[in-house]
Every structure is written in structure tokens, then in C-alpha cells.
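In this document, chain identifiers A, B, C and D correspond to the written order of the chains, with residue numbering beginning at 1 in each.
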Amino acid sequence: MTNTQVTLVQIDNYGPWTVTPEPRREVDLQTLQSRLYADLSQLIGNRMGYVFFTRFDNMVAVTNGLDADAHALIQESVGNRYPVTVSLSIGVDSSPAAALGTATDQLQDAGSAQDKGRTEILRGDPIQPSERTDTDVQIAHFDVNDATGKYTDQLNEFDSFINIEQGYAELMRYMRHENDSLSFFVGGDNIIAVCDGIDEAAYLDAIEHVNETVGVELKVGVGLDRTAQAAGMAAKHALETCREENTDVEFAR
Amino acid sequence: MTNTQVTLVQIDNYGPWTVTPEPRREVDLQTLQSRLYADLSQLIGNRMGYVFFTRFDNMVAVTNGLDADAHALIQESVGNRYPVTVSLSIGVDSSPAAALGTATDQLQDAGSAQDKGRTEILRGDPIQPSERTDTDVQIAHFDVNDATGKYTDQLNEFDSFINIEQGYAELMRYMRHENDSLSFFVGGDNIIAVCDGIDEAAYLDAIEHVNETVGVELKVGVGLDRTAQAAGMAAKHALETCREENTDVEFAR
Amino acid sequence: MTNTQVTLVQIDNYGPWTVTPEPRREVDLQTLQSRLYADLSQLIGNRMGYVFFTRFDNMVAVTNGLDADAHALIQESVGNRYPVTVSLSIGVDSSPAAALGTATDQLQDAGSAQDKGRTEILRGDPIQPSERTDTDVQIAHFDVNDATGKYTDQLNEFDSFINIEQGYAELMRYMRHENDSLSFFVGGDNIIAVCDGIDEAAYLDAIEHVNETVGVELKVGVGLDRTAQAAGMAAKHALETCREENTDVEFAR
Amino acid sequence: MTNTQVTLVQIDNYGPWTVTPEPRREVDLQTLQSRLYADLSQLIGNRMGYVFFTRFDNMVAVTNGLDADAHALIQESVGNRYPVTVSLSIGVDSSPAAALGTATDQLQDAGSAQDKGRTEILRGDPIQPSERTDTDVQIAHFDVNDATGKYTDQLNEFDSFINIEQGYAELMRYMRHENDSLSFFVGGDNIIAVCDGIDEAAYLDAIEHVNETVGVELKVGVGLDRTAQAAGMAAKHALETCREENTDVEFAR
């Protein structure tokens, strides 16, 4: 059974800040958001976690291996370098969706995302080191079959994007409802899902569902390990195996 | 009539690079992609353009006011600072979708996105300064009504995200097919669309369509100007008017 | 005669901020400072200016070609993305040192660098476009003869650094007092000086002085143009000529 | 007795790269260098180390607590995100200067800094965890007495800078030769020295020497701990004590 530690990262009171005293230049907001995400990728990633940009003002991270001190350091480092601060809330569950549910509840209990007085919240309990196992995190790395040949090199770029986006929108919803999994678009034709130790049949079912519903053909490599980084790298290698052997689902060995 | 100048930014041969010689660490790829986008936001944004992250390996920019030299400088600056290079292709049309179609065609003609020998392409003709007008770019800035109150402060963050994402997926498709417009999620509950000078009825129709189809309620501020930055800032102010006056569509005066 | 436009960039009330409420983590301060400098390099550099890190909390830029609006945009963009703000003060003079003197005076008149109420000052008048000429900026690019062979590949790195640093400390002082020029270490074994249209004899004299005083052998390429970027690139090519022809001073033709 | 672990970071074959095929735009080189330094500050800093920009193409880090894997990860992460690679060489000694000497020797033995074939070297042995103690690193944080009042708010900014720079050049040389210590300018009026467990008399002597030689008045806070970060933060607090109690040297208790 997996045991996923999820951290919800929320920029404090961000919406109001973006229009105070006047709406701020969009390109500066875009720069701020994407650089904050890049920094979190390094801060969390170099401790073997993964973070996903999600809505940028709310980001979701898989943080198995990061203790409370590591979270506090990340929060402090952001506060020292950005005009905004972040709140962090940690949830743990075999189901990634339930873990994020716990993390969200804790943050909502502390106050609204647009409450000026609710800043730099740090809630939740990381997994104890003694309870960690080598099968705590399952990561599935999907991509689209021959996306470059079928889309990028053929269609208007926006239509390529629509195809990828419809595939993603369908997969994210299906995986959430059928498998308690959290799926994130990570650029190109790639989607990374954090899963509750689901099996080959479940992956095949999701791939079929997306193909039947929106006509986008996916394949997936799956890895299982102690941290998001280790599981994710195993998933990438498994995806390479899919490519070489022309298969739809591969589990890392 | 609008006259949108669109630039397609494509990372050269990116897919193969990400797995050569072995799959690279995902967090480094995420950092690279989001910082490249941040840099383009500044490079293009400080010349009054807008750039959208789209798929990150393919980004779409509105570049009215940027001539060929400005494009060449951006291309050179990226080449000097990243392990990857970018190709740029410029299209101009009253229809943003058609402009991007031209830009895409030009780049596809130059070779595949995964052709090792096709690097740092720069194609297409910017608008001549003498032909530019104060109504060349129409920008529509949408957001979700009370997203914080209805979603962020209530739901599991992933379910908030699913709602925003379904709203976006529906809007992008509808605006593309009905209005030749290009719509981009820009974080939070915000979507920015580059439009072909469409009117209030067309915006109301799109908002109704999204509400009926996926139950997400949008409002929109619309600006028209010489550059994306000026039109976009006007749109933001118009969106503030929607908020204050509780209306669905506002055009900047 | 040159006509250098210099901008002093000063982080507002930075010293007190770094220790409020407690001393902030040094690595975050270093990250903040060097990224702010990197951003200014792009914001100013992509408008054909040069900026030097100097003391990081006070930076000096050569901004021929940047008008007041460009300065205001840079100031706004920093304010939107950093936890600190910057003041900018512009001076113009045939002497770079005198231009910086004017810029400094204007900022000192506005209040102390550690005055909480003195933020985002923007003072001084850029050169009128009609008064700009192709010989407004002289840039001299120095490097150390065979620094890799004599220092980097031979000495303890700190002793290499001491040599470079003593060479720089001597050159900066001499060029300031003898030639009203501003010299900046820019990394490696490179020093860039902004000069008042001085001639070959003055450069040879400075090189001799440094060699005699601290035993560091320099050579220099010199460029003259409308902007720092153009003059600086010409200087780099001239320095390549020094390397190829084994000469001490070369002026770009 | 201190036991400093020093890592020399050297950009591989950087000089030739900056002029190949033609000299690259200086502002892009400045951006690249300062961002690489910022990234290393985070990568090393968030593992409790310190890194100093030194010459930018050669940087010096204090890395007590970073093992070989952490070094390898940093090297890989840079290689994934920059157009250049870095070599890393680790030395350990009670004398910081000797530790850097070892690190430099190892890298020089591997080949020239401008040898195309010598890339991504990783040499040297970090301290074994069992051998680490709470007094391994001594950090001294100097600043200039009333630098804002005497220099920044009074003089031409370049003359302020000359004063700070002369103070630094004198201190770095003296501390290296008298105390085997490595001193680095870190911006503003701040100098951080990595020291070989020297005592109050040695600090007072250095301060007097700088004052007598170049007329710059320094004070210093000193911290001793297991890591650079912990020792450095203690030093900052001790420096605050100097400010409050108007003393020249304070050791953290």
C-alpha cells in the first residue's frame, strides 16, 4: 500500500495583491508565478520531492522525505525573496486525493485564501522516518503516442494544444474519480499522476477511456519507490520501455 | 478590424533532449521550462507583448510592436543562457487563430520539431510600423465568479482545480471554433483570450456556453489597443468594473 | 566628446531590511541580490545598456538610449517581483564619474539610503533623442594576459583571486582619479571601464601603472558607439585583436 | 580546531565559450553568471553550506555537511539547466586556505580550466559523518562602521565603492597571509571570512591593520558551528551585538 505525503502550497492573499492598488502588469505576475514554481521545484526537488504548478497560486507537491524543518526552511526562503508569502499544509494518506483533502481542510480551517491575517501557515504532520517504506509513492508518467508526428508537425499549434488539453482534462477527472489519483500536466505531451498503488488494469482502463472519449492515445510508465523523485525516475525509464517495445503500460522492475 | 501579430516559440528538438542520454530529472526540466517562460515574459513583455506558456515546449506570444531585430535578440539571448535553443515564427492576421496557423506552417515547412538540424529558425514578417493602428489587438481577460469562496475555500484543492480546468478546456475550444480566438489559462482562475475584435454578444454567448456545459461561471473584461500589454491592462481594468458593478462583460472605454 | 548617461540603482532601505526582524539567511540575500542584478542586466541590457553589480545594493548602469519611461517600467517591474524596491537616479556628463556624481547627489538630496520613507525615487533627465550621437559612449574591456595559464591552472584559487582583485583595485582607483572613468570587475579576469573618450596613451599609462604597482599585466580593447552594448561589443572584438596580434591596446575601427 | 570542507566550483572551459564563435553579449554572460551563482546559493545553502561568487567562473563554497552524492546532484542539476557545465573539487583541512589548496590541486591535476575534454570533474573526499563536530566551521562576518552615513549618503557612489573595495582588498590579503583565512565580499559593506578558529586578538589585529593601511573601519561578529549556515547566522547575531554595544569584535555565545 502506498503512503503519499502531499503538501498544498498556497500563495497568501494572492488575488487581492495582484490588483492592489491597481492591477499589476500581467507579464510581471507571470514571471513571479513561474519563477516561484521553478524555485519550489528546486527546493522540493532537491530533497527528492515533486511539485506541480497546478493553478500557480495553489501548487501541489509530493513531499515524502521532507520533514517539518524542511518545510519551514522553504517557507522562510520564499518569504525572504518574494513580495508574497506562502502557506504550506501537509497531508498523508494511502490515497493521494485523500491526503490532499486533509491538507486542504487544514488550510481552510486556518482561514480564507484571501484573508490578510492568515499568512505563512504551516500545518500537518509529515510521515515519521521509521514509518517510511520503499513503496510509499507510486508515480505514473503518461505521454501521447507520436504527439510530434500527429500534432506538432501537422496542426495549427493551438489545435495541437487543444488535443493535448482535452486529453489531460479527461484523464485528470477520470483518474481522480476512479482511482483517487492526482494527475498533472507537466508540459509538452506529458502528464504525471500520483497514484494509490493501482494496477495495470486500472491504467489500461484509463487509457482506453481517454481514447474513447476524446480520441487521444496515451501510454504510461509506472514507478514505485520511497520518494517522488525515485518513483518518477523509474516511471520515466518504464515509459522509455513502452516506446521501445510499443506497449501501453510498463511497470518499472 | 484587429491585426494580431502572433509568434510561435518552439524549443528545438526538445523531446529527444529530455531523454538523452538518459531521462533527465523532472524537477530540472520543470525548472528549465518555467524559467524560460519567465524570461520570455520579460523579454517580450517589456516590449509590450504577451507570451503564454501553452505547452511550455511550444509557447504562443502576441508580439505587435516587436520587429525582426527584437525577435533575433530574444533568440540570441535564450541561446546564450540555456542548454536548448528556440525557433521563432511570426504570423499576422485579423484572426489570431489564422495568424498562429501561418506561424505554425512556416515552422513546419522548415522541418520537424524533432529534427536535429532544424535549430534557431526565424521566419515571418512583422507588421510594418506604418500599418500599425490603435485597434490592432483585442485582449479579453476572464475570471471565475467568486472562485475563492466557491472553490478554493471549500473544496479539495484538486476538485477546485478540476472545475477551473474544465471551464478552461471548454472555453478554449469554443472560442477557437466560434470566434477564431486563442484562450490561455494564466493561473489562479484567470484566462486570457486573444480575440478577433468580437462583440459583447459573442462574449456573452461564450460565457453562457461554458456555464451550461460545465457549470463554471465566468465574467470578462475586454480591451483594445496597439499592443497586447496596453489592451491587456485595459481588459484588467474592465474586469475590475465587472466586479464592482456585478456585470458579465465590460469593454474598456 | 563622449556623453555618458549613467543610472544609479539603489535598493531602498536595504541594510535595515536584511536584519529585520532578525538577520535573514545569507544564502537568501545572496540569491536575491544576484537575481536582481541578473534581471537588471536583462531589463537594461535588452535596451542596449550595461549594468554593473558594484556593491549589489548600489549598482551602476550606463543607460544611453533608455528614456524616463523605460526607467519607470524597470522600477515598476522590480517592485512587482521582489520584496524590496529600487530608486533610480540618472546623470549625464561627458565624464562618467561626473555623471555618476550628479546621479548620486540627486538621490542623496531625496533622502538617506536607509530612510524608510524614501522609496522608488526616480530622478534626473535622460539625454534628448535629438542630442544623441554615435560617439556618446566609450567602453574599454580589459583582461589579464594569460590568466588561466599563469594563475587559474597554477595557484591556489584564492591566490589567483587575490591577484585579479589587486589588479582590479589598482585599476579602478587609477582610472577614476586620472581619467574620470568608472571601472567594474565583471567576472573571470575581465574588467569593463566606462571612459571619457580617452586615448591610447592614457590606456597604456594605466596598464603600465597596474603592472608596476601590483604586477598584473592587462590588455584592453576599446569601442565607441551610441550605446553601451554597441560600444562594448566593439571593445570585445578589439580585445580579440589584442589576443591575435599580441598587442596591449586596440581601438575598434 | 576547525575542520573546514571547501569546494571549488569551476565553470568548464568558460573563457573560450564566451567568445565562441564570436564574443557573446556581455549582459547575457552577466545574467548567466549571476543566476548560476544564485542557483548554487540555493543548492548549497539549503544544505547548510555557503558559496561565494569570487570570480564567478571560479566560486568557492564551504560545504560541511554535503556528501559526495549532494555534490553530484548539484553538478547534474547545473548540467541540465545551463549551456555550461561545472567541475567540483572538495578539500578538507583545519586551515581554509589549505583546504582550498587541496581542492585546487585536484582540479589542476585533472586538466586545465580551458581544456575542452576536462568537464564535470568531481574530486575529493568529504568529511565522514562520524568525524564531524560542532566546532568545524568558523565564520566571521565583517561590516564597515556607519558605511551609509559616511559613504553612501555622502560620496559619489563610485568613491563609496572604492573605499569599500580598498578595505576588502586589504582585508582579504591580510587574512589570507596572517591567518590562512578566506575572505569574500558579499555586497553592501559586508565581508564574510572563513577562518581557522582564530581568536579575538587576531581579529582586532586585522581590523587595525585595515584601518591603518586604507582608513576603513571594520567590526566583526564571529560564529562557530557544525555548518557554514549555523556558524554564519551566529556571526550575524554577534555582529548585531557589536552594533548595539559599540564593540569591534564579538563572538557568538
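Assume contacts are C-beta pairs under 8 Å (C-beta built on N, C-alpha and C of every residue); 3 or more make two chains touch, one makes a residue touch a chain.
Keep in mind the model is a prediction, meaning the values are calculated, not measured.
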Comparison of A-C and C-D by number of C-beta pairs in contact, larger one: C-D
Chain of greatest Cα-centre distance to chain B: D
CA centroid of chain C to CA centroid of chain D, Å: 22
CA centroid of chain A to CA centroid of chain D, Å: 36
Centre distance in Å when chain A and chain C are each reduced to the mean of their C-alpha atoms: 43
Residues of chain D whose C-beta touches two or more other chains: 25, 28-29, 31, 35, 42, 46, 77
Residue ranges of chain D in contact with chain C within the complex: 8, 14-15, 18-19, 23, 25-31, 33-35, 37-38, 41-42, 44-46, 50-51, 53-58, 60, 97, 100-101, 103-104, 108, 112-114, 148, 152-162, 164-166, 168-169, 172-173, 176, 182, 186-189, 192, 229, 232-233, 236-237, 239-240
Chain B - residues contacting chain C, complex: 39, 42-43, 46, 73, 77
Partner chain D, residues of chain B touching it in the complex: 24-25, 28-29, 31-32, 35, 76-77, 79-83
